Amino acid sequence: MRPKKRAHKSGMSPGSLVYVGDKTAASDARIMLFDFDEHHVVEKPVHNIVDCLPFANAKSVTWINVDSVLLPGVLEAFGKVLNFHPLMLEDILHTDQRPKYEDYGDYIFFVLKMLDFDTIKNEITIEQLSLVLGENYLISFQERPGDSFEPLRERIRKSVGRIRKSRPDYTAYALMDLVVDGYFDVLEKIGDKIESVEAILASNPKTDTLRMIHELRRELIFLRKSVWPLREVIASMQRSESPLIHESTELFLRDLHDHVIRVADSIDTYRDMLSSMQDVYLSSISNRTNDIMKVLTLFSSIFLPLTFITGIFGMNFHNFPELEWRYGLQITFALMVLLGVGMYLYFRLKKWL
Amino acid sequence: MRPKKRAHKSGMSPGSLVYVGDKTAASDARIMLFDFDEHHVVEKPVHNIVDCLPFANAKSVTWINVDSVLLPGVLEAFGKVLNFHPLMLEDILHTDQRPKYEDYGDYIFFVLKMLDFDTIKNEITIEQLSLVLGENYLISFQERPGDSFEPLRERIRKSVGRIRKSRPDYTAYALMDLVVDGYFDVLEKIGDKIESVEAILASNPKTDTLRMIHELRRELIFLRKSVWPLREVIASMQRSESPLIHESTELFLRDLHDHVIRVADSIDTYRDMLSSMQDVYLSSISNRTNDIMKVLTLFSSIFLPLTFITGIFGMNFHNFPELEWRYGLQITFALMVLLGVGMYLYFRLKKWL
Amino acid sequence: MRPKKRAHKSGMSPGSLVYVGDKTAASDARIMLFDFDEHHVVEKPVHNIVDCLPFANAKSVTWINVDSVLLPGVLEAFGKVLNFHPLMLEDILHTDQRPKYEDYGDYIFFVLKMLDFDTIKNEITIEQLSLVLGENYLISFQERPGDSFEPLRERIRKSVGRIRKSRPDYTAYALMDLVVDGYFDVLEKIGDKIESVEAILASNPKTDTLRMIHELRRELIFLRKSVWPLREVIASMQRSESPLIHESTELFLRDLHDHVIRVADSIDTYRDMLSSMQDVYLSSISNRTNDIMKVLTLFSSIFLPLTFITGIFGMNFHNFPELEWRYGLQITFALMVLLGVGMYLYFRLKKWL
Amino acid sequence: MRPKKRAHKSGMSPGSLVYVGDKTAASDARIMLFDFDEHHVVEKPVHNIVDCLPFANAKSVTWINVDSVLLPGVLEAFGKVLNFHPLMLEDILHTDQRPKYEDYGDYIFFVLKMLDFDTIKNEITIEQLSLVLGENYLISFQERPGDSFEPLRERIRKSVGRIRKSRPDYTAYALMDLVVDGYFDVLEKIGDKIESVEAILASNPKTDTLRMIHELRRELIFLRKSVWPLREVIASMQRSESPLIHESTELFLRDLHDHVIRVADSIDTYRDMLSSMQDVYLSSISNRTNDIMKVLTLFSSIFLPLTFITGIFGMNFHNFPELEWRYGLQITFALMVLLGVGMYLYFRLKKWL
Amino acid sequence: MRPKKRAHKSGMSPGSLVYVGDKTAASDARIMLFDFDEHHVVEKPVHNIVDCLPFANAKSVTWINVDSVLLPGVLEAFGKVLNFHPLMLEDILHTDQRPKYEDYGDYIFFVLKMLDFDTIKNEITIEQLSLVLGENYLISFQERPGDSFEPLRERIRKSVGRIRKSRPDYTAYALMDLVVDGYFDVLEKIGDKIESVEAILASNPKTDTLRMIHELRRELIFLRKSVWPLREVIASMQRSESPLIHESTELFLRDLHDHVIRVADSIDTYRDMLSSMQDVYLSSISNRTNDIMKVLTLFSSIFLPLTFITGIFGMNFHNFPELEWRYGLQITFALMVLLGVGMYLYFRLKKWL
């Protein structure tokens, strides 16, 4: 994950719609509408935003999912049809928002970050999910096609749980719950990676182990940035006095808040663990330096004196009677062996070997 | 201790009961019921949850202890009989909750973490304890069989202290007090370990000493995660305006709050100590590197010059009158001894030996 | 960026006007006036401050931009004509202020920091922007000529967006929005630098890599100092009960607040990344030390024993029968090759090569 | 100082009196009673707690000092005679409490930590002081005999200051003031130690210098643990609406609060200093490693080439005309001297010597 | 700067006047009185404190400056004449107070720290300034003679600014403003030192560079201790509802508060910079170790193999035909040159040179 670059928007009038995310436009962006209450459910693609209006005004719950924010025409159409504030439309388009909660009176605007672990690139991908909650409708804007909302769609179709009996705020909660469930999945992937790095650290730390720790720390920095403000978003939702959020949803929001705090907690725990692992890694390098030094010192300390002795008997002094001794060589050898063994035992004693 | 993995719950309807803990199911999970007031006490196993209902409704205090949350049938039965909220049942089953306090109006829900030190595996084990406090009953759900509540059972049976004269909130307090007492025991084990590592550090730090410090830090990270939110839980309980928590229990809760703060304080103290110990360890490695370097330098500095001298007199120049001197060898030796001793004294002077 | 030095003002009466910034006076400082409402727009240079008075009192919005605070006569003239508080004038002149918001009743005073990235000096430049917001006017004081307000001027001239329909508080917001947009540009430059340093770190860290990290950290320290208090400034503005700030501007301020928080977030993220990069750098040095040590140890461990062997056979003992062996040399050579290869394989085995 | 171990209390009924401190019982624990007002003063030992009752009920101020909490009979007697809450008695007995303030309505309970510097063991000793403040009495429970309250007793006897004219809350304040004065003494001892370690660090850091820093940090961790919560205790006392604390004492409590904050401040300052000193120590080790390395490198770099030259002329080639030169030896010597001096100058130039 | 030692006050009655600062008594301590309003100004030395009483009671503003707190007679006289609280007098005398604000009803008590940079000792000096603000008077107690208040005196004499038209709270503000101006001067000195250390760090870090950083950090720790609580003091003053502080002074206090925050900000910035500089220093040591290691390794790696070769041809084997080759020496030389150059190129390739 990298911090997103913000395209040059400087100097434009606030509220101008220029896409700032860095995804390439997908041509097959589609808009799906669900309209349901306890007794009926309608699921149909939307080709003209104006067609949504009767659904959005009807008492039944309408959930419109926009597959990609990349078609500014769609955003502008929504803006006109449902009279949305241009700043909100700008925030939907600029997918580098922090998670946030904004009450515009007639509707409430949420920004969330959907996280996924791309097993091919081996990194976390991030996608902005913008929700607009009205009295009878919920509109969800994704950054690009592909999502993990199928289970919810299935629950709507089959009327599992309370989804069909509730208002759009519950639908919004259900979407958020799926997003937060995704966080747990990503966290688990990170947790697996941390464990594998820890195993490497325990057996055979290598030069690139720290780089792996560094990359995990980076991922966590970005994860934290996505998750941390979400706590405040959900807390604002809980405290909200907006009539759009019903009392019956409150218990569910409390539960969701709890989940987000658990995710945030785990992120902090992982950060602490990585920081501790890094210390272990650095000390393992120091220990290895020591080990290498010991071998060097051992060889030098044994062979430098021995070589010196051979040097002595290699001197060409004419008057060097010891050279003529009968067992000179043998005595010298014995001496050298003694010295070598002595040095070895000495280092042994000093616990250097 | 490791962070628990959350089984894939993603996409299920909120409130579905799927066990998420990682314990294997115990076949002998049993449910025990205590019903008591000042004058009588009944202790009997429960085979059918419906049997609990008359007790739970009676004025006397009923404490039902469920040995294991692994039997979803039991949880669902409780849910139906006592009309519990599905989200709460889900939280009881998912034993990776943070400690929490949730007021559902007719009943209050607590999550606590029971800690124990497994002397065989030499690590802390963690078990979730969920309490549901009603007007006349307290239900405790353990994650798996085996607990440390025997002293409380004994006090109920023998009517020691005020337990038989109080309402279920006092029973809940008594259970929590036992759980927190367990924290002190675990802390002491950790404290003993820290002291033994500190002793190793003072005498003879080894390569794996840092790993031991690292593991202790990890244990403390998880401990902290279990204990820290408990402060807020008990504070919420104290501040609570629920009629289920009586004024007479307040002093006891204040005392309990105090104990938890002491545990949290000790955890922070231990963290500080471990962090300081780690610094000592790292500096001991550096010091050792220095010591090894000194020996290496000493040997090199003494024997390299000496060997050089032997090299000189080993040269085969034809015109090398010194080689023919009568006491050439002796003079050279004297010179070499002088040089060696001089170097040694020099290093001595420099405080390197 | 360096912390600004405050010229010796000590001992002067509070409110005395002495320039404290460190820019050299620009001779072409000019004052431009915009007066506009929905129906008309006037743009003209101001030569005498008194000329501004009728505009400032008229119902239409007046924006006066002062190019440079270096002409104390101008400041004093404004002070007299519009009856400004001397402490405020002092703060405008002393361009080492923190961003701040001060409500003087009839007018509100803001201080902001305009950031720019000087691509020639390769460092961030900082310029103080002081805004005085009255009922019908907005006066902006820049530290020196040259700004990035052209897009706003263009919008006023062409009546793009709501600028011509709003009160001066919206004009103030529009200026702030441009300033904060500038922060994103600077952040992006910093982000690019961080990425390039990270690339160096991954391939070939050099001695001056840490210095580059250190300089980036310094830049961020100063950036943070400029941005952090701005959050509070805008929050104060949002909470303000001053009639000068209209309710219709509130949504825009909320949006601006959000932008500033995103900037502040990114600064913190970059700090975390730099801190992590520094750890990687330091460990790469340690790793390199280890690599060098290994080569040294390898050479010493192989050649010290071999040289010792040649030393043995270089001794001049008269009784040294091995020297007379027919294949003595060859055997010795074989021995030395064996030893050398053995050592090499041993180090290979120990994963040192 | 070490963290106190809590004896196994687990499973006992809350409020049971089992001594948890680790002091051995002193046989000569005595109880002294002071009863005084502006006009009279009585000082007498108490042998039977019941004898205290008339004093405690009388309008005059009664201060009862219990020398040691180790006699549970005494605590129980007080509990019965003055109707104290069992949890409070438990807290008095368990001398591992944090400093705290608890209002029981008829009486207020304080826990403080008395610190002393044991110059023989060269460490800080800690003793719990529990105060019970009633309308007409103050009871102080010490952990063991021996205290620093003599000056207060003298002031009572001689009616110095306002002590004889005030109510028991002033007596409590006077005791606390003495305890906090003791903190300043202990801090000064720590300060002296830090200065002496700093002196060692500046002149000649040794292997155990870091251990000394580590021990000082440990002492400060425990000190902080004793002092930090005291701030809250005194603040609670100041804010208290209990009629037991009179308005006239408030100014004195404010002063005391100020003293405690100064102690806490100094502890933090010392922590910062120790942390900085540790950095200096670690860098001094690195510098020393560098110094040793330089010597090693110097010797190796000078003598390895020289020895190589002698090796050349020690080779036994038959066709080696240079060996027969008349001044071969002298030329070689000159060459070697030149080389040696050259290397030396080179290192000098590189600032390695 | 060092933490002040508190003389043994332990056991004395609170409010006893014993000097605790560590300055030697100055014999020429004098007391100067200014009495002024818009129309007149009187400046005269005070020899008897009672003489001040008529001035202090008159409607005009009276500023009494006491040059040194060392004459307890003076403090006691003020205490009696103006009926000051003994605890306040004690705080004036004990010059180790934190900056504080205390409202005694009829008068307000402030403690500030005056900082100065002693260019001879090259360290920051600290002096306590205690202010007592009454309805018609301001009394300032300095720790020792010598101050930087001359500009204020001059402004009073010449009626510059609003000083002669305001009440004593403005005089107090004017004094504080001078004190805070002094902080900027000291900060600038520190800033200059930091820059010079940074320059050393960039060119040629030495062994004592870290000590210089360490000393600067120490200075900042003490500076922070003096400045940090002052923010709270001035904020308390701003929030104060005391009639002694007039609304007209509020704007000036806001300005002063702003200045103090800027000082505090700069201190934190400097701390961050020093911490970053320390990292750079430590890494420069590691880099230097690496450089030295490289030279050592280079020499060893080149000369150990070469010396080994000379050793081979120095062996005395009788059967050593190579020695008899005509160009044996030349070939060997060529080989050795090749090997040496090869090693050198190899290291070059590895970027070690």
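Should a chain be cited, it is by its letter among A, B, C, D and E, assigned in written order, with residues numbered from 1 in that chain.
By our rule, a contact is a pair of C-beta atoms (placed from the backbone, for glycine too) under 8 Å apart; a residue touches a chain by one contact, two chains touch by 3 or more.
Everything numeric here is computed off the predicted structure, so don't read it as measured data.
S.K.: Would you mind naming the chains that touch chain B and likewise touch chain C?
M.R.: A chain counts here if it touches both chain B and chain C, which gives A.
S.K.: Considering only chains that satisfy the touch condition with chain C, which of them also satisfy it with chain E?
M.R.: Touching chain C as well as chain E, we find no chain at all.
S.K.: Quick one: superpose chain D on chain E by CA and send over the rotation angle as a multiple of 5°.
M.R.: Resulting rotation angle: about 70 degrees.
S.K.: How many angstrom between the C-alpha centroids of chain D and chain C?
M.R.: Roughly 42 Å, centre to centre.
S.K.: Could you work out how far the Cα centre of chain B sits from that of chain D, in whole Å?
M.R.: Using C-alpha averages as centres, the distance is 26 Å.
S.K.: For chain A, jot down the residues that touch at least 2 other chains.
M.R.: Touching at least two other chains: 282, 286, 289, 293, 296, 300, 304, 307, 311, 314-316, 320.
S.K.: Mind sorting the chains in ring order for me, with chain B at the start and chain D directly after?
M.R.: Starting from chain B with chain D next, the chains run B, D, E, C, A.
S.K.: For the complex, give me every residue of chain E touching chain C.
M.R.: Interface residues on chain E, with respect to chain C: 148, 150-152, 155, 160-161, 163, 174, 177-178, 181-182, 184-185, 188, 191, 195, 202, 251-252, 254-255, 258, 261-262, 265-266, 269-270, 272-273, 276-277, 279-280, 282-283, 286-287, 289-290, 293-294, 296-297, 300-301, 304-305, 307-308, 311-312, 314-320, 351-352.
S.K.: Where on chain A does chain C make contact in their complex?
M.R.: Spelled out, the residues of chain A in touch with chain C are 2-3, 5-6, 8-15, 85, 87, 91, 96-98, 100, 102, 104, 204, 207, 210-211, 214, 217-218, 221-222, 225, 278, 281-282, 285-286, 288-289, 292-293, 295-296, 299-300, 303-304, 306-307, 310-311, 313-316, 320, 323-329, 332.
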